[in-house]
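Dropping a structure here in structure tokens format, bear with me for questions.
To keep things simple, chains are lettered A, B, C and D as they appear, and every chain counts its residues starting from 1.
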């Protein structure tokens, strides 16, 4: 039971997000013989099989967990925790701005841990994501994450330097999360179909500037650069306020479209 | 040719976003005998038929437009311009956080002009959106917008007061954009399947507070309240800065999941 | 009665901020024979003389105004409305970060309309602000504003190009609001006393980058760059929310201190 | 040598901010026989006496520090680090919005650790701050901080419950940083002179709502509620970006003025 499916009942192998409280959630699978150890006791993962999603399960020390079906949001937050720069809020913006839909063909670089790859594949399947990365070890990590997510069938992992060229043609979108996106702009132009989407995530404003200069030179139109700030609110009755600590910056997202 | 499809070539009836510059875009359709009047001259919409998306077309006074395929982002920005409270950035967050996917069944209220309905239908089709609104005249506007978007087949419009109850059961998500979301919380609970998603957009913090109190009382878990700030960057070479004017607030989005 | 003084009673010539409602305030003076025309009727300004600040006065059509003593905040908002880039929030940050106090000597450039000059002079008087601008016509505008504010005695207006050098030595602070602050960094270094403050306001990130590079090269320490976002809240009982429209960006403020 | 003075040379007893790098600064005094221990070695504080501010001093292990004169910004950041809710950015807004100037009389509550008291006293001296707090132990901490800052002469510390009344009359401003500011509104009205300023800092939106309701009921005008977001920028040549982690919320500041 993979991330791509939707089910009411937990099967063997299904992903489960075990929710304890607002700060503690565990992404796991309902696998026979496996055990999840938490700060609030352990859970036999066998016991999840056959339950309906939303059910409460109890650890050996009596802590109550809720067994939820993870969404791409939960998934990318968990698989990418260490190397993560691009956050779910930014991925959401890309998915919606590009209007990703089943059957689309998307080029992505770099693969990294595969978090963004998962998000893209989730929305374009049974389409395909061609994911470039020069680093084979990153791609191995991504392959495992995509396999676990049940999305590997919709991804072609390519150990290649995307600044040297893109093999595909007539693709719907090129999505970049890499250090030198401006070097890919001419290749993206060639790879994209008419009206196709370019999207690039960059932490620094200098990367954005260079990329926009290239996009204009190349003839892209509808160039937009956005930054999203996500504030979480702390809501107690009679005491509502934004959270004190906040991720103040992840990066800027640059969008453009190919004019023929 | 509707919003839901993806095509390389513009057919009769296809939606076209005619891009002039960063501030001026026109959402129209390639219809025989129709003319689009702009501040930079007029265009015969016949002439779009048969062109590839991304093509440049010229108005009678020589202004160049690019004929792009609109995405949900462009679409909801245009159809909802006057009554708009919920913005594309917020819709994007909802779509991604809920992991909307083909086949899902979603309850929505209120319908309003149908902008959010379009966004939901776009991602769940061939699933279905049950959209409630007490106001029949709103639903007529929404029906036209959904029909134009080619998404009406995936929407059941209901002239009903959702605070009195929800007819559906076992739905994947309940999505609210209405004045009194807290009154719908018990109905949402009954309508949702285990682990199902509750999402509510509200401009004021008081609405959020009341809704969260009800969600806790009802036993929902993983309650999160977010506010998204979207900054647009103005990128000229050697002069990069955020835009001076900004939409400072649209609303808060409250998320929760049903625990059995 | 100038901005610099504090009084309980309105004298002839005193500044008065006539408050009608949250959106409409009029900065004027209690001058004999003068009349203030508003959308809600006219007021004889004679009639203000002798009143206590805080008093209500009525226009000829019966609209109630409150006669308030303006603060630097009100003053700079009014005198600088057209050319304004640096906002009161940014001036406040500079005043507090630098610890401006009576007796300090501050170099400022460019003078512009004199809004920032007023703010600086207000806090350092009976110290002095040396204010540079190449444009004599700007300085004439500033002179009038400073005179009206009763702060001209504490300002030396200099029609000079500050990128060519600063005449003063041993000053407490150099405060810049100009297009090329990085060209002033070596001159600021010479002009400042040990530990003295450098502050520069710039709308674009490129200006900030060049300035910080120069500051590091010159040996400045404690370099900090801040951006302030000011959100106004709309507070009605039961309906509290941030304002929809917001000034999303004014500029960045760069601070540094001179190490000997 | 206290915070209130400005000097070029470090005297015995002078405050010194020893700057090591962007993250490490030490607030200390030039006291005979005292030693400052840091992660980068120790410094004999005797050795500071007689130096000019801005001078570099070296620890026993060869680390270079710069001896800066602290401003209120540095001071309140250091003395209030543990209990701090109101930040320098918010204090700056209050100082500037109220136009605090020498000679003013201000009522403050609660005293807390005295951080805000210091800031107010710094700008109104030789005026006076009447600072209320029910908790005598807080006031002892504040007394020490004010004494060290050389500002105690301008502060009257009162162990009293400000919600029961304010003793002073005709004051220029009432500034609150306490849990129940709305209970003080009628007392503030009585204490303020005509046109006088009310300012209140509150972390939650519910406190703001109650306070604004009371301010309107009491007849205050020019009611404004602001929230300030301070973003720090990370500026390396060719790699400029906002800092990843940010204080996302400190509180809201409510302003109002007394109409007679």
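One rule holds in what follows: contacts are C-beta pairs under 8 Å (C-beta built on N, C-alpha and C of every residue); 3 or more make two chains touch, one makes a residue touch a chain.
Computed from a predicted model, the values in this text were never measured in an experiment.
Of all residue numbers seen at the subunit C-subunit D contact, over half occur in both copies; the interface is built from largely matching residues. Think of subunit A turning onto subunit B: fitted on CA atoms, that turn is 180 degrees, to the nearest 5. We define each chain's centre as the mean of its Cα atoms; on that basis subunit C and subunit D are separated by 21 Å. Averaged C-alpha coordinates put the centre of subunit A at 43 Å from the centre of subunit D. Rounded to whole angstrom units, the spacing between the C-alpha centres of subunit A and subunit C is 46. Counting only residues that touch two or more partner chains, subunit B has 205-206, 209, 231-232, 240, 242. Listed in rising order, the residues of subunit D touching subunit C in the complex are 4, 6, 8, 19, 22, 25, 52-56, 66-73, 88-89, 91-93, 95-99, 101-104, 119, 122-123, 170, 172, 193-197, 205, 208-209, 212-213, 221-233, 235, 237, 240, 242, 252, 257-260. Remark: subunit C residues 203-206, 231-232, 238-251 touch subunit B in the complex.
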